[in-house]
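Read from first to last, the chains carry the letters A, B, C and D; within each, the first residue is number 1.
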Amino acid sequence: MDIVTILTVAVRHAGPVLLVAMGGLLASRVNIFNLALEGFMLIGAFSSIVGAFYTGNVWLGVLFGVLASTLMIIIYAVFIIELEVQPVVCAISIITLASGLTRYLLNPVFGVSGRYVLSSELAMPVVHMNWLEAIPVAGQILNNHSLLVYFALVLPFVLAFVINKTKYGLDIRAVGMNEEAAVSAGIHVRKVKYSALMINGILCGLGGAELALSVYMFNVGMTNGRGYTALAAITLAGCNPLLSLITCLLFGFAESLVVSLSGVGFSSYLLGMLPYALALVAAVAPQVARRCIHFIKRKKSETEMISEYYRN
Amino acid sequence: MKRKLKKTLAMMLAFVLLASAVSGCGSKSGGESEKHRIAFVSYQAFDSSEWLQNLTKGLKQYEEENENVEIKCIEALAVDQYETKVRACCEEGFDIIITTYSDMADATIAAAADYPDIKFGILQGEMENIADYSNIADFHLNRTETAFIQGCAAALMTKTGKVGFVGGSDSGGINEILAGYQQGIAYIDNGTEDVVTYCNSFTDPTIGKEYALQLIAGGCDVIFGAAGGSGTGCAQAAEEQGVMYAACDVHYTDAAPNAEIGSAMNYFENMVIAFIDDTIHDNYQGGTSREYGIAQGAAGYEFADNDLAPQDIQDQVMAVSEKIAAGEIEIASEPLHK
Amino acid sequence: MRNRKVINSVLAIMIAFIMGGLMVLLSGDSPLETYSVLLKGSFGSLNALKNTIRYSIPVVLLAYSFSVCNQCGYFNISHESQMYSASLAIVMVSELTQGWPSWLRLILMMAAACMASIAACMIPAAAKFGLGVSEVVVGVMMNYLMAYLTKHMIAFSFIAQPGSSSIMSLPVSESVGAVSITVSTVVIILLYQFVMKKTIPGYRLSVVGRNPLFANASGLPSMRIMLSSAVVGGLLTGICAIGEMLGYYHIIYSDFAVDIGFNGMTAALLGAQNAIGMLLGSLLLGALKSGSVLLTVVTSVPAELVDCVKGFVMFFATVTFIRSDVWMRKGGK
Amino acid sequence: MEPIIELRNVVKQFPGVLANDHVNLALYPGETHALVGENGAGKSTLMKILYGQYAPDEGEILIDGISCRYDVTGARQHKIGMVYQNFMQIPQMSILENIILGNAPVSKGMIDYASAEKKVRTYLERFHMPVSPHTLIRNLSVGERQKIEIIKVLYFDARILILDEPTAVLTPQESEELFQIIETLKEEQRSIVFISHKLREVIAVGDRITVMSKGRVVQEGWKRGEVTETEIARAMIGKQNVQLIQNQRENTPGKTVLELNKLWYFDELGVPRLRDLSLQVRSGEILGIGGVEGNGQTELIRILIGMLRPSYGEILVEQIDLTKASVAKRRQAGIGFVSDDRMTEGLVLDGTIEENVIAGNECDAKFSDGFLLKYGRIREYCKNLIGDYDIKGLTPGKHVKMLSGGNMQKIILAREIERKPKVLIAAQPTRGLDIGAINSVRELLLEQRKAGTAVILVSADLEELMSLSDRMLILFEGSISGEVTDVLHVTEEEIGLMMGGAGEHAEQKSH
């Protein structure tokens, strides 16, 4: 398997994770560490299949997925912001609820259990752009992906622009960094938090829909930990949209590398550990660096000032 | 006042969503219990793998067919529930208790020791010293035989002379199937080469599809998937790329209607029903380990009804199946290579 | 202040059971029958009682571990990683000390389990107290990291059981009786109350927990006290792991400690972190679990429905219905 | 002249505290309205209602005659701006972003940084701050951050400016600058509310003065020049003319107890907070340490107690070197500490008196046998304390937070004094207390002085320093900018100069 196909698979694999990561990033920018990304993605996946099944149209299916996960995240937001429930406990309940619901509803909706496969014309259309063919390597890698994957690749740049350049972005950063100051500056903190979580829900719905509709089927527990990988990616990238793009692609590349090694004699569990180990280091490293720099700076100015003071 | 309204609204929202979702699930079971009360305790949720779904369906059917039998299917979802659920069955007066896989071996042994008069059966138990336990019968479905036949079919059907395998995990159960498959190909011996991969998940069709696409890109024109839910992804890849798919345990015709050659069917329900029959008619052999295979009707090879496989190959494959049933072919359970 | 918390927890449990009852009603079974079976399954017979205690013990230990750490502001959610590291330590010691006298192996295993669990508990604590990093982020990442590491070890390393159909570790021959586990837990419960109420370490812990600045200014070594609270938390989790591994499983199964930590946290939050409250909270969660055993055997109500009720209890345990301080902080706008 | 904004019998009730009780206030354009009152008189709550952060329980707010209710955004639309005492700024963001937060100019969907920057630069020049708008807030000095707070309000062209204790962190010179700025703002017909408890400034700045006490307006309608400081003070206190206790300075101090020499301290960013500080405190002497907050007092206190490690220099208590000693060792060596922030560092608020009093020496034989606490003896000990120090409003098991400020301070003082300290450090001991409590605190400090303890009184309240200390040191930017040996004859102007750092090591001129 040559490097080009590995990278193509990496991009295809990173698409859904990237969408969910961008959602999680926005939530953590307003100080809500959203542990339930996995739950929202699973609901998005399941509802998109249900939507496609009933409406017979892929994009209405995607819309259905987005609506379902947004409704779920509204409940999550109301419980966290209004009733001040412990966010971690709330997230775990949402995850158990999501996996329970999607497992239960298979029976009443499709009359089967375990999995449901749609007809192939309901698959997520793959876009082939001939102008991309001209570009030698990058063209091949970026070609024939679904629209949502292209959206996922563009999204980090859009988010970076929104967060750094727009008024809404300034409000989000302010609410995240110092809520009291934001209140005194007249920002409706609650509105900002709800809107950030809503966008998070929409993106998780999109991520789930892309995952499910690209294989036009739903299988119990098909997100298989991608929500947690997204969480690890944004922690590793310190909630910076462009860095998160890189970390998501990195994890996608690692996964597709293992596929090319055909998974033989290679413990997938070690691969599974990689994102979390890196995220752990990334959570701690900046603080350690900051303290060392301060320590050195302080030591340097101390010795200079004191010796110079007593010299004359 | 506004805060109170908001709180009740939030509660209502959460409750409405849950209530509407759960309304349909769970079916009512009733029926008076006569002589035999049988409990089937599964170490996984029924809907998490295909063979378990077929098994529970088969048991329900069996229960309807004969009056003097009441079968209760119970899911033990977490490790700490294995022993307590088995003991609860003993307390509730079930006289035959069937547990699953080596995960529940310890729990079964512990319960069997305390309830000598209850007859225990363990499916795929892999218990070394089964003889010491007089009231536990270990029965094991030989999936290598049907995989062997699948290997022959694949070797006969392939045009490029290269076939692929996608396993759910690099573990004993799956490698048993791989062993049969590889020896089946060797038995046909027409120079077919086989590539082995593991997708490390039983519930992720997306990753299953990636592995299958990679095998197809590598020149395989028959993909043998033994990975539960992930296998559906492989079937879909085969269907889309116009290559052939060989299924395991159940048919994957929902994902690969015209690509599936056939499926190495493993009728776990037949095996369990056979065990129940023996126990009811008092030839329960506690302390023994029995293997059910094609001969005992617990497994068999079925071609998909899209008649992808020409008649002559089907006959050849069926001939091999008879030979195995007659026990003429020796099949090892260790894979030739990975 | 005390009775407001009690009312709050009782309200949480009531609402959870009402919601659960409605779900059962909608799925076609009668809630009354369900709850009567739940009651019978948890306290109805000797075996039921035994199950309830067997399930309550790990929850109590983890609830106390969570509460000890939480008193110093360390929101300890990495119980899972502590349990995994402790059980890995047990099996490794059992493999490395083949043929040694059994009593020695037992002691070594227990020591290794406690040390491994304390180490796993110290990492998020050091990150929080030393570097000011959020211990929730570090804890969550540790949980998944250790879950994967455990799966790798029981699948491919020297403690893996070859040829078994699903991945599991080699069995540990030593074992600890259920009675001795129960007795040691009761001793720990009494010790916890005694130390918290009567002794200097208990006093210091409560002062540092409530006001670390004050503790610093009045000469208490608050950093040392905070880190030692994390050590005690890790030790309690280690004991819980010993109870589970040497008491019941003897083998590490994949994902055996999934959200065991959150049961402990729920019991701690439900019991409003006072010793008796947490004990009752743990008994409730234990009873729910043991009740669900009988429920799935006798009725057709799916086991996951009981998990939903437990999910609700968890959910509402942290919803504080009567929050005077929230009202004041929001200025009653 | 029509008032721009008027508060009509506004009431605000918090659990246990009636913050505002039927308050009436009218603000006129081009005028500074001074609002005076002790801590806890309800000034800040009233202003938060004006700024829309709290909604009044009763009463109404009339803007240009129309009654309306609004939140903070509404207030800003009504052109009301508030400068908080603790700055509402985001350190990690730049000056520009902090200023435009809340109403950034938008063009083509993006924030129009260019025009915003131009406008902000004009304000920076006007406040002669030669700083680029892109520097981060955390790199600015306290005075600069205060100006940014004001620019933030001017940026949306506020008609009404609420300044809450603006000069608390400024040097006298910076305060003067602020008063000029207020004058120019008045010329622009803006209405300014100036909240302070420093009477001298209130008289200098206020065109109209209102005095509040315990949530009610006790005196209003005073015009500029009609009233003197003592009259305002009496109105604040509520008419009884209680004379504050003075230090009679009879006996001469004994030998040196505490000695600091060449003390240096650098903070986390490498900025020197204490520079070559040397001082001695003798037994039976009260050494007053003055100066504007933020010039090294807090660092000095923390280093003396042991919560911060000095970068250089040594600390000797009776010739024993305690520079490297831990907080616990120093307390055993006889250093007592009354914290300036009694609610956070002084007490465990939701703890009983027993828990608060034994903190620090719970291993003492009086309270425990090394491991087990003897609650019987502790309760006994506390009963005596309550009796000796006349701490009112205390029942057993009741949490300390229910007590008044004065009683809380008495508990802290009781705990420290009972340990027979050689050196007692008292930081802002009387801040926010009523007159009765101030006198009892001063009595205890003077008793300690008589008993031979070396007392270090750190305070920003000049009147307290001048009436209690035998000798005074003024800190400016981490070093001693002036020493006053004859406290009786020094004038406030001289001390003001020392506080401003004028004349390095200016000896006290007048004797």
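Heads up, the rule we're going with is that a contact is a pair of C-beta atoms (placed from the backbone, for glycine too) under 8 Å apart; a residue touches a chain by one contact, two chains touch by 3 or more.
Computed from a predicted model, the values in this text were never measured in an experiment.
Listed here as common contacts of subunit A and subunit C: B, D.
Ranked by separation of Cα centres from subunit D, the top chain is B.
Between the chain pairs A-B and C-D, more C-beta pairs are in contact across A-B. Per-chain CA centroids place subunit B at a distance of 75 Å from subunit D.
If you average the Cα atoms of subunit A and of subunit B, the two centres end up 34 Å apart.
Chain centres here are Cα means. That of subunit C falls 46 Å from that of subunit D. Spacing of subunit A relative to subunit D, judged by their CA centroids, is 46 angstrom. Within subunit B, residues 7, 18, 22-25, 45, 170 each touch two or more of the remaining chains.
Contact of a single residue of subunit A with at least two other chains is seen at positions 79, 83, 97, 103-104. Annotation for subunit C: residues 155, 304, 307-308, 327 touch two or more other chains.
Each chain pair that touches appears in this list: A-B, A-C, A-D, B-C, C-D. The residues of subunit C lying in touch with subunit A in their complex are 75, 77, 127, 131-134, 136-138, 140-142, 144-145, 148-149, 151-152, 155-156, 259, 262, 265-266, 269, 304, 307-308, 311-312, 314-315, 317-320, 323, 326. Taken in their complex, subunit C has these residues touching subunit D: 198-200, 203-204, 206-207, 210-211, 213-221, 324, 327-328, 331-333. Residues of subunit A touching subunit C in their complex: 33, 35, 79, 83-86, 88-90, 92-93, 96-97, 100, 103-104, 225, 228, 231-232, 235, 267, 269-270, 272-273, 276-277, 279-280, 283-284, 287-288, 291. Contact residues on subunit B toward subunit C in their complex (touch as defined above): 3, 7, 11, 15, 18-19, 22-29, 39, 45, 72, 74-81, 83-85, 87-89, 91-92, 101-103, 106, 124, 126, 169-173.
Contacts from subunit D toward subunit C in the complex involve residues 14-15, 48, 53-55, 57, 71, 305, 307, 326-328, 330-331, 337, 339, 344-351, 355, 358-363, 368, 370-373.
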